[in-house]
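Labels run A, B and C following the written order; every chain starts at residue 1.
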Amino acid sequence: MEFIDIIDFIGTFAFAISGIRLAAAKNFDWFGAYVVGFVTAVGGGTLRDVMLDMTPFWMEHVSYVVITALALVFVIIFRRHVVRLDNTFFIFDAVGIALFTVVGVEKSISAGFPVWVNIIMGTITGAAGGMFRDIFINEVPLIFRKDIYAMACLAGGAVYYLCLWTGLPTVATEIVAALSVFLIRVLSVRFGISLPSLKSIEQDGRNDA
Amino acid sequence: MEFIDIIDFIGTFAFAISGIRLAAAKNFDWFGAYVVGFVTAVGGGTLRDVMLDMTPFWMEHVSYVVITALALVFVIIFRRHVVRLDNTFFIFDAVGIALFTVVGVEKSISAGFPVWVNIIMGTITGAAGGMFRDIFINEVPLIFRKDIYAMACLAGGAVYYLCLWTGLPTVATEIVAALSVFLIRVLSVRFGISLPSLKSIEQDGRNDA
Amino acid sequence: MEFIDIIDFIGTFAFAISGIRLAAAKNFDWFGAYVVGFVTAVGGGTLRDVMLDMTPFWMEHVSYVVITALALVFVIIFRRHVVRLDNTFFIFDAVGIALFTVVGVEKSISAGFPVWVNIIMGTITGAAGGMFRDIFINEVPLIFRKDIYAMACLAGGAVYYLCLWTGLPTVATEIVAALSVFLIRVLSVRFGISLPSLKSIEQDGRNDA
């Protein structure tokens, strides 16, 4: 097992935990919590793979199904401690976003798409799982309203290409891009930086819909 | 027309009715009710086929479009009686879940995937339509919170392989697996058996999301 | 750039504006508003292409990503005026629906599917983007409850084949079909025509779900 696999597992575990915790807050049963955890962990990559016309990645290794099960067992056993571990999970989650973004960019590159598609695919890989999670639990997706989240993925994809164009070797490019996502995510939350909202427009724009 | 086609039609009809009734409770218009009924009936199999990289099954036979239309006409004409037929539709619905699960497992097998993917595909075929239905009508998906539903599909997929490994012929395997799904579904509702929920965890786990 | 491209851009712009305005009413940040605008504009065609097993159309030309960005900038700059332009955007939106429907029908024809699939694909192209938009902002999809919208697409698809069967050349067929969608949409709103709803059925049909 390589280093990148370990990070992949940590990211998957953190994403699954985030889904299971929100499902728990909505009184989902164990199975429902498992599904929400699984979709949070693999939803972004699945959407990417379907659009790239590839087999969804989780169908090729049983590990994602198993890791989500471990996350469920973990939450059931340590339910009280899970609350206090907020900061730990936040860091794990940020590691997951960073890694997933780089994986998404590279998978899209391997499918032969242009730069801008690859950056979007990286962003979808990192951010869409959380969006599906929020749709499943019937909330307005959090990534649309709070913090810098998907923007960190987008920036990471751009950094990936900047590194590549300056001639950095692939491994260094991957590390710098992932670090960018991680740092933008963590620092934006630490310092309360967020994007401006559009709220001062009219309250009802539905008439023309 | 073979026996399995008749069961397929009954299952599709029951799924469509379940979607149309919920759409009616939300004041959808006829077209909206039709779409919700159609998505309930074919949504699970469509998600399966897209992930297996196959043409969605309903695009190959006009029957699913027609059966959903018949279900809509049925609900419009017999709206009052539909309420009293709760038990009948519950049985039809359970028949549909059972059949769809077996169909899903076998379609995934034919695409060459491993056992655990096939069982998941069977579960998605049987249970995801109801999940899409609830997202469309803006409710938290029912299958995450109530009764044994998707778990029955999962168990049925496992039974399918148990039968296969004990050397049962295909037809017997299909019947035993479908019966397992049907009985688990019906008995769990009859005796009020459900999975434990995760509700006693913290109410707000969103901070780390 | 041909005439059809200009109409395509106008339709995309109008769809994106409709998504961005609704996202603004929900206090989404700029990025969230962009995503909702983009999904409104390309969601229907993406679902169509995934089911037809084609590469999603927006991955082949950067224009849709750019036009959505222009729509976001437009809304940010002219936020107050956007409200007063309701009628203008309604017309743009109707043009977009009309064009997207014809594009969807023809793309499905080119993939070799039967008539009824092609008409459904045209309807999905024209109407599903607005449905995804409403799911993202956590509302019951508007197209299920108000006005003639998806029905106009469906009728336009039927008109397309009527024209084809009467021997009209392709260009005339396209124009007549698109005009049908446009006129049905505009006239139904102008005269307050809508489909009957199913509301008088029981309020709780969930028991048999």
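The working rule: a contact is a pair of C-beta atoms (placed from the backbone, for glycine too) under 8 Å apart; a residue touches a chain by one contact, two chains touch by 3 or more.
Predicted model, so just to flag it, every value in this text is computed and none were measured.
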If chain A and chain B share one sequence, what is the angle of the rotation that overlays their CA atoms, in steps of 5 degrees? 120
Same or different residue numbers at the chain B/chain C copy interface, by half rule: different
Using CA atom averages as chain centres, what separation in Å is found between chain B and chain C? 29
Shared-contact residues (touching 2 or more other chains) in chain C: 50, 53, 135, 138
Could you please specify the touching residues of chain C with respect to chain B in the complex? 50-51, 53, 113-114, 116-117, 120, 131, 135, 138-141, 143-146, 150-151, 194-209
So, in the complex, the side of chain A touching chain B is made of residues 18, 20-33, 35-36, 46, 50, 53, 55-56, 59, 62, 65, 75-76, 79-80, 82-83, 86-87, 89-90, 93, 130, 133, 135-138, 142
